[in-house]
Structures are given as structure tokens and as C-alpha cells.
């Protein structure tokens, strides 16, 4: 066609006009740290595995999850999920049920027998892990993944440490522990039960170990001085819970008083109900909202008939009577005695005032630095003794399964670096994806799915698991509630809303790129990005 | 085939023979019969392969034609007077876009005062709009010019107006030799657009052009139209060969060779002029006439060649450039630049006033004796305008001029001339 | 060249009469030209139409200023409009009326123009009889053919047949024939 | 709404794309294959809502017609920024004729296609609010009345932006424009009677009328797709915020469109043959202030003092829309 001059033009010729020159600022894709990931003590990339779960690709999701935490099924039961507390979705409607999805994935793995990927390259190094609790298992798993030979020495007759001996089975069925542990062992990790270590150095020499990880749980209940006529009636929570693992269940009686406000206190009180106690009373010196125990646990305990007595300390325990002193909170929120006393009947008094780690095994390492009953470690989880690393309850701080798993992972990576003679470096953290960076318009209103619960009668009389699992549909729904804070989830909104077609879509999984030849820097993509994964920057000169 | 038909019917049949594909119709006197006839032909399926669209205004009529033409359809419409002005923006646009639309103008005066009768002010208002303007002297020529116009428009990718004096031709029953479909098909090939809206080969039509190219675009429009100065005679010649009669071309001289006085005019008034020329020739006056068929492009060379030998030129024109006088005569003077020949402007036939032989004869004789003024209004009622001017000068609120004059003249229809 | 001017009122088929007359002439191989007094007149207003008949091409575009024949379709126009303006002294006048020119008060005019042939024919009446509507135009053309001899009645009939269809055409032809015959009778009587 | 039939679940239900959707259900704008009918390099302002709306609409029409589409475009911003010689941003056969004749030009294109038997090629006419509700209104109404096979899309940015922000019949009351300055006792545009062209289109009882905005591309695409599935005259009126004319931040273009719909000031609905068939329910209702305060054209309502009485009148407009179109009545979403 001989087209008329100037008034008739060839299509698409405006590509010659590079409108990028109009720009004074430019959009840049960023990855921000989602609050869930930021708060996960196990260092899970929660958002990433939710991403896969959203697609219904559960095995991929599980594999993504276990890159950080091998104990998915356990974690989905016992983690107090601070991630959910931090979840930005909580500010929109309700936080994403991350823990439920994690449990679903862990259970799927156990149900279908998914195994960890086989170790591809052996390092030739041997690492000793002491304790098969969450810290030890996590360290062993990660060390093995990195190609190291791992031997776990466990003093008890069963694996799992405090998970088995400290957590009631209505919260964590023993089969789940067995399954998650077995999967780790299947990687080639060696577990030796009934093997108490007294001399670490000797054990290392004997076993030809290049490094050691200490992951011993806090199994000693703290005692408080309580004037008592009959010490038989006073026991501690750790002992009660430990005996629950054995064949002979503890005999607590009809009326049980538990002293303390932590999760262990609640565990014991709920256990007592299940063992037949008509009255299971928690005595705590402050108020309910100040209880360290997880709110959900407390709520469930109350549902099950556990009673709580606030602002009370136990002054004395005689015969079948316990003397309680009323407290009041001072201006700073600390409880102060009032001198007002009352008595209550009790067949047993269980002290749940905290736990200590039995540091007996360190006695042969006299120069090991211990501070306030906890093993001191550096940023690489290494103790003052070279080649000896530690984690979990031993090093103090937050004593949860999740934290222990996190310690184990970090220690394993540090040990691996140590064994390879390189410095241990952690990846720098991204800027936090705070709620204000999101454009929540783009997320449909979708309230959280409530996990099924065991009916109340069975909860009061059996040790069946209280919290059920999500079915597949609800797990999927829950996973899809994730807003992918701070990280592109390929929603195509930037690609769509650019008036200048200056966003290049790279295809599934490859995200997008800006075409700065045409981007005029209007900022629409930044404003409309649902998850805050684009930032405006000053145009470089 | 010879036929005795109304001019509008003849034009409609000629248009139909050209196989138009889209016809846009909006009624305005005096072109209405043309589109009515075409509409009937389409409705009765005598004219097939044609969309007949009743639009809501002349502006829409030409706009629909623009869209259709740009999409590769042969598009046609017709209008007159106020209608042409109402579509003015689209008139310029069609030519600017180089769309070969053919449009009939049933020439009519422009108000106010509103007037439905014939003059050529409407076409003159669009003389610079980039359309080729052909003026028909008879209904036979109106038929023939439409056939040539389609070919001309499409070869040059320029729109063409065929100007037909309203009522005088459009409503006149006279003999027309109507060509056959085969003849027209042989003369007018199917439309091969120079540009077309087609998803298979997309283009942008109607870009915004700035100072950097606008002059060139305008020059090219001029260049394309000037090409018509050789194509029009060529087509007329080819037409004559195929149809056996002379029609179209740039100018038609009549008894001009030895004329000392030459009359130049556009359209149907040339018939009356020829009769007067014959009468004066019988009286021994060396007079002739030249009918200008192509007013745009203006055939300056051809016209000069036809008239330069005369001692004086009288331009009879049915339009008025208020504030200067003649429109056609300005162009005629340009054609005669440097020749030193007086060109007299005679404004005649405004708003349907009959141009009579008697009046023409009078001015021709006057001109021949070199007594004619530079600008003359034929049959102007001097007494009426004189009284109105007096009234205007004596009173601030002198009232509407047209109504004042009408009051003075009495009813319109009781007069014959 | 023979020029005809037809006077009537809007709605009386004045223009159609001129057109049919031109067609009739055309059918005889003559050059003819018919055109209305262009206007926006509505029903009832005085209107005119013109027709020229010649043996050669008609180029003239002016209205018929000096008619050779007048057809007056409505007698009420006689004293309202200067219908006789420019009429040739040897021309024809055909008036649609059942009354005589004398009764119409035209004696004085025709006395001054003795060469003018004037006749009345009850065209509306004839049309009412044969077509059912008092439209005098076709009938008057029959009378015109008889009065002027410019065209044959057969041509008029053919022109009417071209303009109208079926029953209307037949009725108009019948009316025209009746008018034609009545004029022939009157002329024969006069002669 | 039709769009809600697709349950995307919760991640990005309202986003442009969603990896969880099947290919067929994906928005045109999310696909790699989208035509970018209005290509890069156009000279629209930063954050231009009209450029966005035009690409959304025409890309959707392209998909709906298997790329057999011709567009006629009115004079205006869209035309000027997309086709300055020697460059055009259009990738489709496109014609610009005049300001006020676009509907008629499109009629001509449609007529030509019909007469050529090219029934698979479809026609879109597009113009701004000036070219549609004012100067092109006659041709638009004519096209409707004849039921010509044309989809007319009005990109409404509520004033004559191309010529420097003058008032049009689509300019809302109180808005400041160059010809309705924020001066005098009643600053900004007058509270007139309004001119609701979608409702006027409905009065023609044409087969399809819809409103949409650039805040909801899926809705917009669904409407264009629906429109292209119908023969005859169709009209879609799309709200396209204009940073220049509205005095808003370029990055707020989509947000403003969203606030316009969520406040009720711009009702989003569909109608067939003169009857409303569907409307987009307000999801998170906002007071009109939230919408107005982001735009300098309404600044005089907030400074030097807050004019609550005037804002209340505008709120009444929104509330009436909500009642009239049932924008808050329960629903299927």
C-alpha cells in the first residue's frame, strides 16, 4: 500500500519514542521480609511454602517447608505460631492459619510417606549430636543434608526429648514424633538410644567426630521453697509429664493444684483432668493476660474445665490443704503480697515454675562458658569450646520446640561452615513488609478457617488429640489467604496497570522486569502492587 | 438509452450504475429526490451490494461516508446549502484523509435569510476544502460527470463534488441518454483503495501532523488535485470514446474563437447564456461563452487559452463574496494575469432569482459597448435597496432587512420572473 | 420552441402535469423540458410549472416568461395571480372549469387579445368521474393536446401511463380522453 | 457480577492476573499474548487513566474478535497522544476523523464491512467525554437509534483535557476546570442536571450498555467481551481518572477510579435493551471526601475552610446512586 504521506502511519511506530526519558524516579522490584518469616524461630520461609500450597502442590510445599524445618507434622501441632500473630492479614480480617497448613503438609507427608531427598555428596566429616529433641533432630537433619555423617546419642529410651517427655500426647500424638524422627533417620542419621554422655571429649574421640552439637532439653523442674507438711503430695510438672510417657501413669488424685502460669502449667492441669481429676486448678500470681502460656492453650484448658486462680501465690502446703496468699499488681505490673490468706483442698500440688537443663554432662568440660545456667554460644552457635556447638533449651532464651529447631538449623549450617573451614555467614534480612506497604484492596475478604476440635467430653477423659487437621479444601483455602507480603506472587497487577506497557512479564515463576525505555515513572505499579514488592527510587543520575 | 426523467432521478440512476457500496442520506432541499431515488432502488433491491443509511445529519452523512471509504467501500452522499456547511468540517476531513468520496451538491443558497432556491454559494464556500468540484451544465452532463467523478476520485484518491444547480437541474424533466450498466462497468473499475482499514494490514489513518510536515501534506493535497487538470480531460476523452458524447473536461467554449466579448459561467446558466449568445450573434455581436466544468482544480491555463483573445470578459456568477464581489471572477482574473483584459463580475441568480435572457442580453450588450461596471448585481431592485438603506441610516432599530423587503415586494409566488 | 405555463395550487398535480407533458413530447421525439416554479409551497398555495417543447436541444433555463400556452388548473387564481403575464398574443389558454370564460369574467381580457384561443374544460369533474378524485392535471393535458395540436393524444395517454399505474392510469387516461374529445367538439363547433 | 463467578480464592481475587486460574479464565491484561493495542511510546501523561482504559478495552475487544477489529477514534487526548506524526502507538487498523463524528465514522466502517461480507471484522468507536457526551452526541444518538453494529466506548475523564481542562457536560458539580474556576461564591462547576449518557443510551434501548472503570480490569474486560458477543449498537462508559485535569498524583489513578466506584459517585452497572441487568456492588464503602480530597480540582471544598454543606450535596449524589442502582443491596458476592 502506498500510504498517504504523514496522515497515514505504520502501526506500532511509537516504539521509536523512548518515553523513559520523562522519568525522575523509577520503580524497582524488591523482596521484603514478610512478618511471618521474620518471627519464625525455626527460620521457615512460610510464605514460600504457602505459595506452593496455594497451587495445591502440597509435596512441593512440604519440600519447601522442610528445607528449614524437618518436623512439619510436629511443628503443625506444638508450635505456638508467633507467625500468625505477626501476620499482616490479621489487620485485614484474621491472620492466615499458617500452623494448620503446616500440620496439614506434615500429615500429608506422613500419610503419603514422602521422604527427604537423598544426600548427594558426602563431606567425609562426622558430627556428634547429643540429644534427640527438636534441637538435636534439627541439627542432625541439616548436617546430614549437607553431607555429613551424624550420630545422635540419646539418654532416654525413646527419641524426641522434651517433645515426648514434656508435651502431652493430646497435643502431640507419639506416632507423629515417631514418623518425623524416622524420616530423619532414613536419611542415614544414626540414633543411639539409652546412651547418656558423661564425657563429651572422650565420646568425640571414641567416635572420631569432627564436631559436636549439644541439644539437651530442660528436664529439671524448678523447685520453689514451699513449707510443706507432706512432701509426697508435692511434685513438679516435668516429672508428671515425663511419667506420662511411661507405662505407669502418675496418680494425682481428685483435686490437683498446679502452680505456675506457663504452658507447662497448663499442660499439667489439662493432663490432670484427663487422668480423672475433678478439679484441676492453676494458681498463678499474676492475671490471665499476663500468663506466659499461649492464649489458645489457656482457652482450651478452660473449655475442658480447668480452673484458674489469679493473683495468688502458694504460701504453704499441709496435708490436704494448700494456703494461698492473694496478690495485687503494683504500678509496674509486678505482683505484691497482700497478706490475705485462704486455704484450698488439694490431693496434689504440681509445681510448674520453670525448668532447668541438667548440665551434668558438661562437667568434664570445666572451661565451658556457662552463664546463668545456660551454655553461652556465639553468633554461630559455637560454645567457648571450639568444635562444640549448642542449641535448644541449653542456651537459654525462648525454650520452645520451634526455637530449638531454629537453633539446630543454624548450628548445623555453622558446623558445616566450620568443618569446611569457611566463615559462617547469615543472609542479610530484607526490609520488613509492613502492613502499610500493602494494597489490601486486591485481597478478597476471606475469614480464617477454624480447625475442628475434639468434643469436650473426650477432651476431658482421653488423651486423643484435641485439635484436628484441616481437610484438603480448607487447607487450600487457608493457604490462599496468604497475602504474600513483600514478595511478588505474580498477580500481574503491575503488568496490567502500567499505562505505558513498561512492565515485561517474564513468564510463570520468572516474575517481571521494568522496561525503563518506556517507563515514565508514574508509580502506579507501586501504588497498586498488592503485596508491596515494588519500591520507587530516585532516578540515578 | 434516452429517457425523459427528472434530473434527480437521472443522477440517482447514474450513481447506481457506478455500483456504490455505501450511501448516506439526509434530506435537504433540493437534493432530496436523489437520495430518495437511491433509497428506493436499494430497498427494492434494484441496487444490490449497497448499504443505504439514513443518518441524523449531514455531518453524520459525510462522516459515515468517510468511515466507509476508509474501509474500502465506494461511498456516496448528497447534500446542499446549509447541509454542506453543517458537514463542512467533515468536507475538509475527507479530502485531508484522501478518501475518494463522491458527493452531489444540489446547489442552493445559504441563509440567513433562509432560502431554498438555487445559487452556488454553498459549493463556493467549500471551494478551498480540497475537493474536486465539477459543475454540470445539463442533466445529461450531471449523469456523465458522476460516472467520471467516481473514476477521477478513485484514481487520485481525492473526493469529488458534482455540483448540480438545485431545482433548475435537479427538478427539471429533460432528455437524458442513460448509459448501460455494461458501459459504466467498463469505464469505472472496482475500487482499489490507496489505504484501507484492514486487520490483515493495519494502519493508522488520520495522524496528528505538526509544523514539521503539515506544509508538505498540504502541498501534496494541492499536487494531487492539480493532477486532475490532466486527468479530467483524459477521462472526458475516454468517456467520449466509450459513450459517444462529449461531457466533462475542464472548460466548454461556445462560439468563442472570434469573440470580442466572452462570458464565463458555471453550471446550468450556460444554457441560457448560449441562447443569448446566439441571439446576439444573429445581431452581429462578436460574443461567445465559456462554461467552466472544473472549478476545482481551477483550469487557469485552459481557461486562459480559451478567453485570452477576447477584449473583455463577463463572469456570470451565482455567488457573492461579500466585501469583495465575485468569487469565480477572482479566479478568472488570476487566469488572465498580465493579459490586461477587463473582467466584469455579474452576480446573478442569487437565491433562485431567475436569470432571464432579457437581463443577460442587456448586460452583455452593455459589456460589449464597454459600459458595464466592474461589479453588477443582475436585476437588482435598486429602489428597494435604496429605501432600505435610507431606513437603515435613519433608524437604529430598522428591523430585519429580509422581512422589510418582503413586505415591500408582497408575496413571492405571485410573480413569475 | 413552444412554451407552456401551468398554474394551479399545491396538491393539484401542477408539476406532474408539466412533467407528463414533457414526457409526451419526448415520446414524439421532441426535445422537452419541464420544471416547477421551485418553491417550498405547501398544499393550497399558488404554484406554477413550466414546459418547453422544441425540435432541438433546449438550453434555456429561465422560467417561462412568455408562454405560448397557459393551463390554469384553478379558476380562483385568475384574479389573484398575474396568470396571463407574458402570454403570447396568439397563444392558448385552457382553463379547468365547467363555466365559460365569459362567466369567469375574462371577456374583457380576451376582447383585448382576440388572437388568443381560450377554452374551458371541466377537468376536475371529468377526473372525479373516471379516477374518483378531482385531480384535473391529466384531463387538462388531453384538452391541451386538442386545443394546441402540439402533441398527439396518444402521446399524452402514454405519458399518463408512464406516470401512473393501473386503475389510476386508466382513469386518468379516460378523463384526458374525455377532455380531449370535449375540446375537439368545442373546436369543431367553433369552426 | 459475572466476574464473581470465578472464585479465585483469596490471593489476589481483584488483581489483574492470578496464577491459580485456568488459562481460559485469565484476564487479557495478565497474559503474555495481550496485543498491547496501544503500544509503548505514546505521549500520554504519567499515570494516564485513558491510556490504561483504552488498552484494557481494545485488548479485550481484540481477544473477543480474534484480532479482527477496526477502531475509529474521536479527536482528543487519546488521539493526540497516540498518533503524532511520524509515530503511532496503535497496533490495529485505526482512523481518526473528527471530534464529533466518531460514531458516524464507525457506522461507515461497519457498513463497509457488511457490504463487503466481512462480518467477522468488528468495529469499535472511542472518544473522550467531550467527544461523546457533548460534540459527538448527535452522531452517537444516531448510531444508537439505527442500532448500527458498533461498540462505542467513552473514556470519561470528566472534562476537555486535551485543550487544557475545560468543563464538559460530564464534569461533576463543584469540580474546578479552566472554564469553571474555583472562584466566587459558588466555586467550580455548577450543580446542573447532569447528563448521564449511559442512561441516555439505555433510553435508546440498544442491546448493551455498561459502565466500568480502570479500577477493575476484569469487570471491564468482561463487559467488552460481552459487548463483542452482541450485534448492534453497544455502549460502554469507562471512568478514566486524569492526573493532569483532576490534580491528582499519577500513582493515584487506579485508586481514584476505585474510590469513585466505592463511594457510589460512579455507579458500575450493565443494561441490556434498556433494562439494568447487573451492577457492581460496593465492597468497602467510603465517604465521598475520601475520593474528593485526593484531587486538587476539589481542593476548594477543603480549604481555606471545610465546606461540609457542599460535600454533603455531593454525598447525596453518591447516596442517590447507591439507592437508584442498588449498589449496596446484598448480592451474590
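Here the chain labels run A, B, C and D in written order, and each chain numbers its own residues starting at 1.
We take it that contacts are C-beta pairs under 8 Å (C-beta built on N, C-alpha and C of every residue); 3 or more make two chains touch, one makes a residue touch a chain.
Predicted, not measured: the structure shown is a model, and the values here were computed from it.
For the pairs A-D and A-B, the count of C-beta pairs in contact is higher at A-D.
Computed from the mean C-alpha positions, the centre of chain A lies at a distance of 49 Å from the centre of chain D.
Centres computed as Cα averages put chain A at a distance of 91 Å from chain B. Mean C-alpha position of chain A lies 113 Å from that of chain C. Taking each chain's centre as the average of its CA atoms, chain B and chain D sit 44 Å apart. Residue positions of chain D touching 2 or more other chains, listed in rising order: 83, 85-86, 88, 90-92, 94. For chain B, the set of residues that touch two or more other chains comprises 97, 196, 201-207, 209, 213. Chain pairs that touch one another, listed by label: A-B, A-D, B-C, B-D. Listed in rising order, the residues of chain A touching chain B in the complex are 1-11. Within the complex formed with chain A, the chain B residues making contact are 96-98, 157, 194-196, 201-207, 209, 213-214, 216-217, 220. Note for the complex: chain D touches chain B at residues 67-70, 72-73, 79-80, 83-86, 88, 90-98, 100-101, 103-116, 121, 138-139, 141-142, 145-146, 148. By the touch criterion given at the top, residues 6-7, 9-19, 22, 54-55, 441-446, 476-477, 480-484, 489-493, 495-497, 499-502, 505, 507-508, 515, 517-518, 520-524, 526-528, 530 of chain A touch chain D in their complex. Residues 5, 15, 18-19, 22-23, 26-27, 31-41, 45-48, 58-65, 80-82, 85-86 of chain C are the ones that touch chain B when the two sit in their complex.
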